[in-house]
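In what follows, subunit A forms one complex with subunit B and a second complex with subunit C.
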Partner chain A sequence: MITINNVSHKIGANDILTNVTAEIPANGITAIVGPNGAGKSTLLNLIGRQTTLNDGDIQIDGSSLHSTSTDKLALKIALVAQDVGVASRIKIKELIAFGRWPHSKGRLNDFDKEIVEAAMERFDLVDLKDRFLDQLSGGQRQRAFIAMAFAQETDWLLLDEPLNNLDMFHARALMNELKLLAVENQKSIVMVIHDVNYAARWSDYCIGLDFGKIKFAGATQDVLTAKSVEQLFQVNVSVLGSPNGIILDHY
Partner chain B sequence: MANARLFLLGAALILSSLFFLFWGLSGNTWFIFELRSKKLITLITVGGAVSVATILFQTISANRILTPAIMGFDALYILLQTLLVVVIGGANWALLPDSIVFLLTSAIMVGASLLLYQFLLQKDGRHLHVLILVGVIFGLLFRSLTSFIQRLIDPSEFAMIQSTMFASFGSVDENSLIISCIIFLLCTLLVFKYSTFLDVMALGKQMAVSLGVSYISFQRLTLVVISLLVCISTALVGPITFLGLLVSALTYKIAGSLEHKKLLIISFLLGALFLVIGQTIFERLLRLQSTLSIVIEFFGGMLFLYLVLRKRFK
Partner chain C sequence: MKLHHEKIAATLILAGLILLSIVIGVADINTETIVLSRIPRTMAAVLAGASLAIAGLIIQILVRNKFVEPGTTGSTEAAMLGVLCVTIFAPGLSIILKMLCAVFSSLVGTIGFLSLAKNLPNDQPLLIPLVGLIYAGVIGAGVTFLAYQGDLLQYLGVWMSGEFSGILSGRYEILWLAGIAAIVAYLSADQLTVVGLGEAATINLGLNYSQVMMVGVATVAMVTGIVVVTIGILPFIGLVVPNVVSRLMGDNLKQALPRVAFLGGILVLSSDIIGRIIRFPYEIPAGTIFGVIGAAVFLYLLLKRPSNG
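So, the complex of A and B:
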């Protein structure tokens, strides 16, 4: 479980997050939804310690960000940020191998290599493994970073808008993989999704964020309703039933 | 493959060193041999220090164009030394052994560069051209402050520091050389010990933090090492702005790997080789004293322009 306790974040004089308190349950997919600029990435980056947490506390399975060393945390959570920058020019297989770093500290053994291979297969990257990162399309890059996070073998996986650059086929394939990870490997996945229908279809738990405040949090089928979505995004929504659950029609 | 290149470079350095030591050795043999050995050690230490410092700086600033010298580190060292002369007073300064002066300046240098450069590098997303601009301004500022102060002090004091202001591969103080060698060895050993951390840091701060590297601490430590290495090279021969850039550009080409263990060794060998061969050619074969640094600056400067412009138009 990730416990977010009274977290606030300011940039300059602007309140980006205000007294955010929430619990994210383990084992399953948690979707964070909300309009642009709501503070979703900020929250995810705080949990993934990309941004320094000054105000409030966040605990990952009981380990506080304030008191746990960063290399210990790297064994618990992996983050794929919204716009990942990689400074050096590296190949896909090298990038994914770096995912093993928290375990191997640079010396890959046979087991590490197996995991790297498995990650490339799982995320459909085997044909691309000798390409340089800057020779990939946006969607392929996205998958490479997710494969790297997967190779990190952490219980928690934080993904910021992972569907952004993906076509329908790969978006679906990725959500399938993530669901499998959650169900079969007991992984806990927290992802920012801007399409509420993906959240409705695939997530177990959902957090709605607006203007840096939590609007709702709970089991997806309970909290993601036409009314809550209308309030969150300020648009008119009607609910369509489908065999696989609801579809929120806002088109 | 990379190992074969490493081996070749090592062999080349040994051969050129032997050539430097023994070629045309005659007359007062022992005296000349001793002189040449000292010079050789100076060349290798300086070449190594400049090159290793450059690779390190490029890693922690996430680019392959900037070097400590371009960012004004050397100029800062000279400014600090000039200030020290003023504070201590020329008469006292002359009494102090060179090695003490060196240690004193180095200590201040480490503090000053941490203050200035860590602040500069810490802010995320600084664009390369901003850093280049800041480097140029720092360099200009430090140099003009230095000459301003030198105008204020009297000529005899001025003469004392003048020798540090221009690169010269002439003879150096023996104690300073020994201390420099020791510092250089300690620095490289330390850097080697955490070279896999440097591999991760080269990916950028975001990635490094995600993978569990305390980026800020390692960046600070690396800055300390860089300033010590700059102190060594500047104190021994003076500022050479573009040697590091020449060597690092070649290193990335030759290494064919992103592992810092290899990058660091190759850059060390290349830097040392550059200076030993260069000095042999210009001083021994062509009998042109003090031309080497000019040639290095010329070609290094061209490379810098090329790299900046290529980056710009790509």
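So, the complex of A and C:
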């Protein structure tokens, strides 16, 4: 479980997050939704210690970010950033092997190599493994970084808008893969997501954020309703039923 | 197997060039010439070429831009400013202390550029080298002004084109320190590769971003300062060599660093040999020769985009 306790964050004079308190349950997919500028990415970056936490406390399975060293945390959480633009030319298999760094510090044993192979197979990168990072499309690159985070073998996986560069087919395939990770490998996945319908269909738990404050948090089927989405995004929403669950029609 | 061949070929080429460099020259070949002049000169060219190429690769990783080298990040100009200040204000200092001043000054100049580059937009890769050229140009102008005031312009001219004809036994040995700095950088090769993936990826893997950056900056400053003090400015090496290697085999430093070192050493030594031959018995500075070759290679690399195969 991730415990967020009274976290506030400012950038310059602007309040990005104000007294955020929440618990993110382990096992399953948690979606963070909200309008642009709501503080979603900031919250994710604070949890992933990309941004230094000054005000409040965050604990990952009981380990406080304030008192746990960064290399210990690298064994607990892995974060895939939104902008994975990379200038350096390294091969996909090398990139994913670096995911083992927190375990192996650069000396890969047979077990590490097995994990790297498995990550490439799982994310459909075997054919691309000898390509350089700058020879991939945005979507392929994102998959490579997610595979790298998978190879890191952490209980928690944080993803910042992972569907951004993906077409319908690959977005679906990725969500499917993440769901499998949550169910089969008991991973806990936290993701910032723009499309509420992806959140409605795939997440188990949902946090709504607006102006740096939590508007709702709970099991997705309980909290993600037409009314809450209308309030959060200031748009009109009607609920369409479908055999696989609800669709929030805001188009 | 292929890797093995590559190693043997590189070693043979370098050994051949070293032999050639030892026998070519105006003076008669005898033990004295060889020990006092030819061997030091040859080793200086190899060490300077190898370590400058490595410094170029590292600064490219730190700035995350392929179009920079120590001469366009203010590292070289700041090192010159350091040496010039020592020459004006404390001319009696030993060469080691002079070198330390150059290294320290280069360190400050490089950190200054890095903090400048941090604020530039990522989506315009050519902005960083342009800002670097201006930044280096401003420091360089300061160097020229100071030299003019101190009536040292001629002295400055000696460094402006790096050459090896003045290298004698006893006047190049600190270049070995540049070689050692390059080896220390190799020990952090994996960490530097990770830093090349960006700050987010570095923190994510539990590495201390600023600590690794400092190792890189220290190596660049050390190499640049030492080469400026002993040889002078050798432009383009730090730019061309890493780009050629990166194009061929990527930026995984564990593999790239040794190749960059070999290629840098081979190219600078070749330039020095060519410079000694084409106007025999006169000499053209190795820096000038490499400038011509390097500019041609770099233009080729710029114009021929990598194939996205």
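Going forward, the second predicted complex is superposed on the first by the 248 of 251 C-alpha atoms of A that agree within 3 Å, B and C clash if a C-alpha of one lies under 4 Å from a C-alpha of the other, contacts with A are read in each partner's own complex, and residues count from 1 in each chain.
Definition applied: contacts are C-beta pairs under 8 Å (C-beta built on N, C-alpha and C of every residue); 3 or more make two chains touch, one makes a residue touch a chain.
Small disclaimer: the values here were computed from a predicted structure and weren't measured.
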- prompt: Fit or clash for subunit B plus subunit C once both are placed on subunit A?
  reply: clash
- prompt: Does subunit B (first) or subunit C (second) touch A:A22, or do both, or does neither?
  reply: neither
Message: For A:L73, using the defined touch cut-off, is the partner it touches subunit B, subunit C, both, or neither? Pick first, second, both or neither.
response: both
Task: Would you sort A:I90 into first (subunit B), second (subunit C), both or neither based on which partner it touches?
output: both
Task: Return first, second, both or neither, reflecting whether A:A81 touches subunit B, subunit C, both chains, or no partner chain.
output: both
- prompt: For A:F132, is the partner it touches subunit B (first), subunit C (second), both, or none of the two (neither)?
  reply: second
Statement: subunit A residues contacting subunit B in one complex and subunit C in the other 48-50, 69-75, 78-79, 81, 85-88, 90, 94, 98-99, 101-102, 106, 152
Query: Within the complex, which stretch of subunit B touches subunit A?
result: 62-63, 196, 199-200, 202-204, 206-207, 209-214, 258
Footprint of subunit C on subunit A - complex, ascending: 48-50, 69-75, 78-79, 81, 85-91, 94-95, 98-99, 101-102, 106, 132, 134-135, 145, 149, 152
Query: In the complex formed with subunit B, which residues of subunit A make contact?
result: 48-50, 69-75, 78-79, 81, 84-88, 90, 94, 98-99, 101-102, 105-107, 152
Message: Applying the document's contact rule, which stretches of subunit C touch subunit A when the two form their complex?
response: 61, 64-66, 122, 125, 190, 193-194, 196-201, 203-208, 246, 250-252, 306, 308-309
